[in-house]
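Okay, got some structures for you below.
One chain, chain A, links the two complexes that follow: it is found with chain B in the first and with chain C in the second.
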Partner chain A sequence: MSTENVSGPTIVLGVIGSDCHAVGNAILYRVFSEAGFNVVNLGVMVSQDEYIDAAIETNAKAILVSSLYGQGELDCEGLRERCIERGIDDILLYVGGNLVIGKVDYAQTEAKFKKMGYDRVFTPESDLNEVIKLLYADIKERFGE
Partner chain B sequence: MTAAYGKAYISDADFFAEREEVLKTWPTGSDVDLDEAVAYHRTISDDKKFTEALKKAAEEGRVLVQPRAGVALVDEHIELLQKLAAEADLLPTTIDAYTRLNHYEEAQKGIERSVAAGKSLLNGFPAVNHGVKECRRVVEAVSRPLQVRHGTPDARLLAEITLAAGFTSFEGGGISYNIPYAKKAPLELSVKTWQYVDRLCGYYESKGIRINREPFGPLTGSLVPPCVSTSVAILEGLLALEQGVRCVTVGYGQLGNLVQDVAAVISLRELCDEYFRKFGFENYQLTTVLHQWMGGFPEDEAKAFAVISWGGAIAALAKATKVIVKTPHEARGIPTAEANLQGIKATKQIVNMLAEQHLLREDSLQNEVELIKKEVRCILDRVFELGEGDFAKACVRAFASGVLDVPFAPSRFNKGKLMPVRDSSGAVRILDWAGTPATDEVREFHRRCVEERGVSEGRKPSYHMLIDDIYAVSKGRLVGCRR
Partner chain C sequence: MPHVISIDIGSTYTKGAVFGWQEGDKAFRLAARAVVPTTVNYLPDGYRQVMASLEELCRRSGEPFSETEASFADIPVYFSSSAKGGLNIAALGIVPALTLKAAKLTALSAGGRIDRVYAYKLTRRDVAALEANPPDIILLAGGTEGGNEVYVRHNGKMLSKSSVLAQRSVLVYAGNSVMAEEIEEMFAAKGFEVHIADNIMPEVDRTDTVKAREIIRSIFLDRIVKGRGLDTVVKEIGHNPNPTPYAVLRLVEAIYLKRPEMGEFMLIDMGGATTDVYSCCQPVKSIENVMFRGLPEPEVKRTVEGDLGMRVSALSTFKAAPYLAEIPGMAEFVEKVDRDTSHIGVSETEKSYDLALAGACSGEALRRHAGKLRRVFTAVGEAFVQEGKDLREIRTVIGSGGFLSRLHNFQIPDILKRGNTADNFLLVPERFRYARDKDYIFPLLGNLADNYPLLAVQTALDGLEYSENETVIPGVENIGRSSSRSGASCSCRDV
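Entry: the complex of A and B
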């Protein structure tokens, strides 16, 4: 687990399930750290409970879930319910990457993951500067910070 | 120094004792019958044997074309492979990510959910859950040689089941299927379980059944310098030969610079021969495979075809024995059969057009070959010193000390300190060698290459430059430009 001591909001980052894709994770860690977030990076192959443990421990405002390998549909289901069960009902859940198997229309994927309780859903090509702006705005709106 | 090496052959007693435990790790293991499997392999015709296809291609100087493919359910997988057989010379069965980590319960759920959804929700074929009989249905339904392709640190049961079913080639190795694919799997364990896999293939070989073994060359596919991937391929080749394997295909992932890529395949082939002989191995069958660009792809399909074709060109010009193809869907998701066929066809077109053409081994190519050879010899000298007569120990200690270090690997057993970056011509050089040994002359060469790029771009070579290189191909270039 790697963190840097910065004053910005704390977020938890990691690649879910049995997924080994490490390159995007390394870049996201850099980019969000440079943007002022206190990033708790769990790396690849993260279970739902590992995200939640880290979020509770560090009082994180958001969990950023990556899934690249296609089995995201199986791995991501139930994370919102599990967050509620463990008392962090209002944490922001972002998810991004190659979320489902195959080249599927993005709108379909977005709808599927929003229904699972994710606040925002991103394609691999998302502009990370835009994501950073959204995340600051969403945190402000939800937590008033 | 070489004398002590090559003697870690697993005895019959140890092999069969371990085997009993391996077969108990999932219920389908109990259906594996080695004698029956050997008898079955004797009935497989030559045109469905991997080793025969490779031998013939090598003799004729042809490049064989092979896709990646695998879905959750047997009938759908058969249908997919039958479609691909129309164009492909060799066929794969790509295994799903749960099976790769021995999470067979999760794979089972994935199978059930895929049945319910009417489409595959797994990113590959869960061969262990399907078991010998069902896997054999796949073998019998397709008309081409079949290989198991995966990314499994402990592939013992997977190998038992698929080889017993009649697969004739098995990809992977103790380093190449751990360091890029796992986080917590100890290297010592993966090397050891892969010695078992090699020993199993060696057992078939001892019964006259030749199984092709293919170390996974590209590793993380993310700017891995040729000297790193070549060193790993040689080590895994030696580990396989030590256990009685006699048919090895070593691989390399295209990086994008023509001269460097062709040189890398040439030096890979020549260095393997050099080291295999040095350690006393003879009478092996050695071939090469080129993987089309393994990093991030452009989303636009026309642009993806350009990347695919450039990879095909490298395979043809480097005279690789086979090429593993990407598809126009690469940036987005597991390809449909149709997209996969398009990748194969584009590749075949270019491979055939270049079949009669030869790159001259003029200075720039010859220099690059010599450079890679110098680098690899320097690394491996140190690795074999560390191993004190044992290949497995050599691998483990080399990673623990950072003598071998793979960029962007998720494994905790990899230092991740070596930093590559492209030079102005797009060749991958090393910005920070970290614990990897190199001669002063080699270091100076890399330093100059990188410095030159820095000057031409008016910036200092750094991690930012490397990140720009990571995105470059997906954004339509080879050398990353400042964002």
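Entry: the complex of A and C
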């Protein structure tokens, strides 16, 4: 786990499940850090509870879940419910990557993950600058910061 | 020859039996048994009638009593009482699949009946419903250790401001322990009875129901003992009763522990009002491509279906099993037994209706007790997600209760297959022998399971009558097992 002492909002980052795609994770860490976030990067092969543990300890405003190996749906379901039982019901959940197998319409995937309690759903083509803008806006709206 | 007496004061009948045994015996010898209608207004009357009949029967048959048994009153008595089929418990949790499910498991494994369940925040309408018909116990859970406090605080406030506890209900708190003091003060300030148990879900993947079960059982005893003169019986006997469902659970547990050669098994206890299902098996089989989701399942599990039963619940059973409506005359029969719950089917036609009802109760209760398997496709091929208990390797299903005990050659019908689709499978037993508790002796032996476990277990097993043929539920074998992968593996290589 690596953190940097910056004043921006804290977010937790990691690649979920048995997924070990490390390059994308390193890029995200750099981009979000440079955008002013205090990024708690858990790296690859992160379990749901590891995200939540880190978020509780650091009072994070958002959890950013990456999944690149196509098994995202299985790995990601139940995360919101766990957050609620563990006391961080209002945390922002972002998810992105190759979330499902095959060529599935993005709208369908987005609907599926939103139903699971994720606030935003991204594809590998999403513009990271857009994501950063959205994240700042969402944090401001939800936490007033 | 020493003896022991077991009595079960049920909601309809008070049953009793005298058992004898000698040093070196493997099982009890049934010396006498008697049954009288339960004297609902004053329970000691029925109890004394049964005791008098038992004594008379023993005297007439010249039962050889030992030296320490100078009079019938010297024989130890163990007894149970069902208190209208069990204590009603309203279970409260946060997330349905997490703390609410843990609360339900706790209530059922303590011998209670789930009255109502509430997830997340209680609304004013929920509280009004509780006030209109207060349960015996409100089990309030929510939050892991150090986890959520918001929901439990909200629900605690709503309940402490209501009249539910003033009327009848007792609160058992079994949530996040950080909130325990606050909850206790909230209710104690109003003079309400509140019990604090350990958190039933200390971590998301772990339950700890021991303390909560203990508390529920002691409240249960308190409640049944206070009602309708049972305290007089307690004074005469010198100790408290067991809740009937708890007694059966103890017997089932004892069989599972003491007779491993019996293998994995289930018991369906079907009555007029409820159908109780007990399963003893490893909840998850080690299969490489199966992932388990949700709260861990107990190895010995009990569920109670309050809407499935032969008489009081005939109407709701009819609704729960829509295929019953296809049987000509069935609807009329259900109406008839609903009006007269003591009606016993006499004609061949009526007997066939009862058989269909029994099939629906047992099949549906088993279906609800069983877990599910869902087929998913992953980057490495086909896999399965399991929720609930895998009952497929259970080889014995025991039937008990007034109706099933008397019924020869009962077949659990193939409605079990109905939940299966191409990608979803019910984890019900795939091939099993059905056995009936032919003397309907399980509840009485349950009372003896703590003090005479080996004798009680052997007597229970000796009383089983196995059906000749194996029941096979087609369509569930091998799904999710390694051998099933050959046909459909790795259909997603192009990802």
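Going forward, the second predicted complex is superposed on the first by the 145 of 145 C-alpha atoms of A that agree within 3 Å, B and C clash if a C-alpha of one lies under 4 Å from a C-alpha of the other, contacts with A are read in each partner's own complex, and residues count from 1 in each chain.
Note that in this section a contact is a pair of C-beta atoms (placed from the backbone, for glycine too) under 8 Å apart; a residue touches a chain by one contact, two chains touch by 3 or more.
Here the structure is a predicted model, which is why all the values come from computation and not from measurement.
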Comparison of chain B and chain C by chain A residues contacted = B
Request  = For A:Gly102, decide between first (touching chain B), second (touching chain C), both and neither.
outcome  = both
Message = With both complexes superposed on chain A, which partner does A:Arg86 reach: first (chain B), second (chain C), both or neither?
response = second
Task = State whether A:Gly43 touches chain B only (first), chain C only (second), both chains, or neither.
result = first
Query = Just chain B (first), just chain C (second), both, or neither: which does A:Met116 touch?
reply = neither
Inquiry  = Under the stated touch criterion, which partner chain does A:Ile132 make contact with: chain B (first), chain C (second), both, or neither?
reply    = neither
Task = For A:Val23, select first, second, both or neither according to whether it touches chain B, chain C, the two together, or no partner.
result = first
Which of chain B and chain C A:Leu74 touches, first, second, both or neither = both
Query = On chain A, what residues does chain B touch that chain C touches as well?
reply = 69-71, 73-74, 98, 101-102
Query = chain B touches which residues of chain A in the complex?
reply = 17-20, 22-23, 26-27, 30, 43-45, 69-71, 73-74, 98, 100-104, 124-125
Remark   = The answer for chain B against chain A in the complex is residues 96-98, 100-101, 103, 106, 109-110, 113, 119-123, 151, 180-184, 220, 222, 296, 299, 329, 331-336, 339, 408-410, 463, 467, 470
Complex contacts: residues of chain C adjacent to chain A = 94-95, 97-99, 142-144, 146-151, 176, 201, 204, 291, 293, 376-379, 385, 492, 495
Key: Residue ranges of chain A touching chain C (in the complex, touch as defined)   = 49, 56, 69-71, 73-74, 77-78, 81-82, 84-87, 89, 98, 101-102
